[in-house]
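Consider the two complexes below, in which subunit A is the common component and subunit B and subunit C are the respective partners.
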Partner chain A sequence: MTETTPAVTPGEETVDAIVRAENVTKVFSTRAGDVRAVDDVSLWVARGETVGVVGESGSGKSTVARLLMGLQPCTSGRVVFDGRDLASVQGRELRVLRRRMQMVFQNPFGSLLPHYSAAANVMEPMRLHGRGTKESRRDRAVELLDLVGVNPRFADLYPTQFSGGQQQRIAIARALALEPELLVCDEPTSSLDVSIQAQILSLIGDLQDRLGLSCLFISHNLAVVERLADRVAVMSEGRIVEEGPAEQLFESPQHPYTQRLLGAVLPVTS
Partner chain B sequence: MTMTEPRDGATAPTATEPLLHVADLHTEFRREQGEPLRAVDGVSFDIAPGRALAIVGESGSGKSVTMRTVLRLLPRTARTTAGTARFQGRDLLTLSARDMRRVRGRDIGMVFQNAMEAMNPTLTLERQLTEHLLWHGICGKAEAKKRAVQALADVGIPEPERRIRVYPFQLSGGMRQRAMIAMAMITQPALLIADEPTTAVDVTVQRQILDLLAGLKERGTGIIMITHDLGVARYFCDDAVVMYAGRVVERAPTRDLLDTPRHPYTRGLLGSSVEVGGRDRPLAPIPGSPPDLARRPVGCAFHPRCAEAQLPRCREDQELIEISTTRAAACWRAGDDDD
Partner chain C sequence: MGTIATAESLDPTGLTTDDDGHRDGAADQLGTLRARGPWAKAWDRFRRNRLALISLVFCGVLVVVAAAAPWIAPYHYSATDYGSQLVGVGADGHLLGTDQLGRDILSRTIYGLRTALIVAFGAELLALVCALAVGLAAGYRGGRMEQGLMAFTDVMYAFPSYLFAIVMVAVLGRSIFALIVAIGIAGWVTQARLVRAQVLAIKQREYVEAARAMGASGPTIAVRYILPNAIGPMLVTTSFAIPAAIAAEAGLGLLGLGVQPPTPSWGGMISEGTRYLLSAPHMLLAPAAVFALALLAFTWVGDGVRDAFDPRGDQR
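Entry: the complex of A and B
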């Protein structure tokens, strides 16, 4: 890889980053005035690494995800995916880049096509990107459903016929259909029951190990992020207030805001 | 057995009648075809003044339908077929609709998960807060307004005189949740039912809201909190019942429940919960998903997902077995490792 972008943080130039946000700012204009949702954020995900972003509602963490995915343009700063500035890429080239990054959303039902079967939902990205034949796409979809723990016997059922946890598994299978290098998960377990959340977390952890995925994992749930992330960034009011290896950050948080967040957690066991 | 016995003789009132006594509650939902769904299937619990009871369970376990049954706020397709809910000496289930309206909002306050949906978006806080007082004829308009301002101040909303004129959408999520608690508390109800009151708010706000509710508890309000969050249950609730597929599978003082769970489902919930600092503890998710009530497994509804299940014993109905004076679990093996 030919990484030539300037270093943002000391030591960072040695990192083989799949995606890198450099001094990114996003301002939304509303009737009530401008809102600086993301304010001078620099963040990168190294290959094979999982980076967690935690923060409360309105902290800007979902906006960061959307900027990194190129779903929204930055107001200033830039996002570089595998050495290429997303703002300078368009059309066909952008589509090629896009299939290398995929996203899993909070509400699986809202993100699946309701009138497509489970298999058809997983096949759709392959069809859009002209992968394989109809038959091979279906075989691959069934394989992926099996991989994420959806019984292939149910491949022809529609999203409403599945539970929330199963729907999220289908959404994950779809995200994996194009063999992305970067998987961005925005609160993927927040709408699920505790027992189902545990299943999905195990699945994501397992996929990270097996597929060597690079992952950006966004959640308001500190425990979930601690479990999956190698490195964690804490966001508050659009800024990253603290960033570091997960273990270190959770054991000795430095920033008062991180300390306050961790202090508010209510333990289940004594 | 009641849940009202003080554990350490500290705060709970002794030997008085419970504030709310729910016994053998059954509620079913009519379907276009087939047998009705038994959403609440023989639920019993007690709550004493000044105590908090957690009702824990996953979606579809019947925890919200149980509370809606007690409040008589069920949809038309639902029918309560048996049970009693004695509150201050009267069975709520046999009250006239008119008498029930006098209980709701005056003697029993309600707090819901989503204040935006629970409040009327077209009315100012003043209208919504004073409505209970005026409708129940508790006081006049001027006094009601005074109390509304005070209620907002009590829940920590700054500038209550100004805020009382705003509409719900003009408040942040945390502020709205507080305003809803103010609304529920303004009539000083004896019982507060809170359905996932902190699920939609941030962790730092969650703590503030729980501390606010703790103040009410100290003043003698009984609180029933429906939650799926075991951390919230541990922090706030004295006692807990765990529901699964419409039935109570375990009840115990909350700490005992979480420290030494006796029902395999409770153990499964604990094995599924992720905790800060628990990175190295492997997750032990419960396989499968909660049952479709239309296809409720025979006997113990949990047995198809239970790692400890033994057939044919688990295909028989499991009654709640009392393990000690304060604990019970609906598993034939629950008493085995009694200490």
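Entry: the complex of A and C
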């Protein structure tokens, strides 16, 4: 690959970023040899901004999400959350920091605790961080379930008793329970039915407007990103090949990979 | 999926949750919609297995009889009736006859049941606690701790369990405590390996990563999120290990390594009975029959538990 590094957007250093990845590289050592999942990626999310990351499967999008969440250590480079290098924060301190960043995972069937009811799943982060009493947590959980469109009457049902779309709503309610400053969504709709996808996306968009969330939104679906993101980064083979304001990027893609990606989108007729 | 509908099918809510229009239909059907967690579902499946349910009731009766032995048994287990030794079944005052010392067979069988169950449940509890602690630590922590613990279980695994039990009884003496330790220690190794395998599988599940992202600590994840999901499959091996432990206790009794006489154990009674096989077969038959029934019932319960926790159970 002979990609040129993307031009640094003017004012990068002056932006009030909630999270910033600086020249981050992640190498996985496998039996087949080292895999560079993420290669020298720099990315930031400003407060109140939604950044979309698009790319094919295997382009390193999910790994970027996990690195930004501090779920995996970087091989080189660093991730700074609100001025603090995540690699230097450990144990208890890191868990306290996690309160301010929450994540919605790709697969709702797997990311909820199967032995906890919907309400208990939403209450769990509050319990972990010592928020409120048992009763107040439950009230809040029911409120959140209502907010994301899960009938509070079903609060005591278990995850397997819900459909995928409803499970993803519960997962979103759980991610919102601690009122995080940053919400990382890793393909939250890719395992869902198209009609449910639209509902979940407008839910997330709605919540962003209402709660002023900063959001990192990862998807292989360009239409999804176009709808939600203020700024978009395009990833290919572990690198960011193009990055810029959403409108500009979709209107006049500069990089050949982005052009191919945009050209490959099937016309949406519905 | 049985009669339980999913919430989605009853409540296809759009984003407008405060719209009461599509709630009413759901509310009408709510009576049929009950919260069913993994445990409730397992119980639902267990209940459907008639044989397992009957066996469970029978095992329950055995436990009650064992617990209430001093009040249920007509005589003390070592009380001798010198007027009537080796009398047969249905003799006056001795429903199942007496042995060579004139001790009531029914009473001794009941007390033998008590010994068998105390040893079996005690040994399995010990084995389960050891297995969960070691398996969870090895599976969750990994690294050198895992290597060390698994090497240790390999050594234990290679040791013949009966031989080990005999050594334990020789060292600790012929007490109920010694039997619990002997059988428990001999049994925990396979279970520890199973727990570790379970934990390794569950660790890969997305909810564990989600829990880390929520800010849960390692011990919280291991004990609150992984353990409850590993314990179902462990119950399956435990419920099969209980009849095995009952048999092991009887086996040691048969070898003369059971509890100290005159405390009755089924193995000891059967062993004594074989000496009077021709003259007084009832001495052998009563404990052997109850022993066989108990084993069968516990094994059938185990079968039911296995089906209840079968991950494919819902599809049937």
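Some observations on this one:
Keep this in mind: the second predicted complex is superposed on the first by the 258 of 270 C-alpha atoms of A that agree within 3 Å, B and C clash if a C-alpha of one lies under 4 Å from a C-alpha of the other, contacts with A are read in each partner's own complex, and residues count from 1 in each chain.
What we mean here is this: contacts are C-beta pairs under 8 Å (C-beta built on N, C-alpha and C of every residue); 3 or more make two chains touch, one makes a residue touch a chain.
Owing to the predicted nature of the structure, the values given are computational and were not obtained by experimental measurement.
More residues of subunit A are touched by C (comparison of subunit B with subunit C). Touch criterion met: A:V150 reaches subunit C, while subunit B stays clear of it.
By the document's definition of touching, both partners, subunit B and subunit C, reach A:S202. When the two complexes are overlaid on their common chain A, residue A:L262 makes contact with subunit B while staying clear of subunit C. Of the two partner chains placed by superposition, A:F81 touches none, neither subunit B nor subunit C.
Of the two partner chains placed by the overlay, only subunit C lies in contact with A:L113; subunit B stays clear of it.
Of the two partner chains, subunit B and subunit C are each touched by A:S163. Where the contact sets of subunit A with subunit B and with subunit C meet, they give residues 163, 165-166, 199, 202. Interface residues of subunit A, counted against subunit B in their complex, comprise 56-57, 163-166, 193-199, 201-202, 220-224, 226-227, 246-247, 250, 260-262, 264-270. By the touch rule above, subunit B contacts subunit A in their complex via residues 58-59, 173, 202-204, 206-207, 228-232, 234-235, 255, 258-259, 268-279, 283-287, 289-290. Only residues 69, 71, 91-92, 94-96, 98-99, 102-103, 105-107, 110-117, 124-125, 128-129, 146-151, 153-154, 156-158, 160-163, 165-166, 171, 174, 199, 202-203, 206 of subunit A touch subunit C when the two sit together in their complex. Within the complex formed with subunit A, the residues of subunit C that make contact are 4, 6-9, 11, 13-18, 23, 26-27, 30, 33, 35-39, 41, 205-207, 209-217, 220, 225, 228-229.
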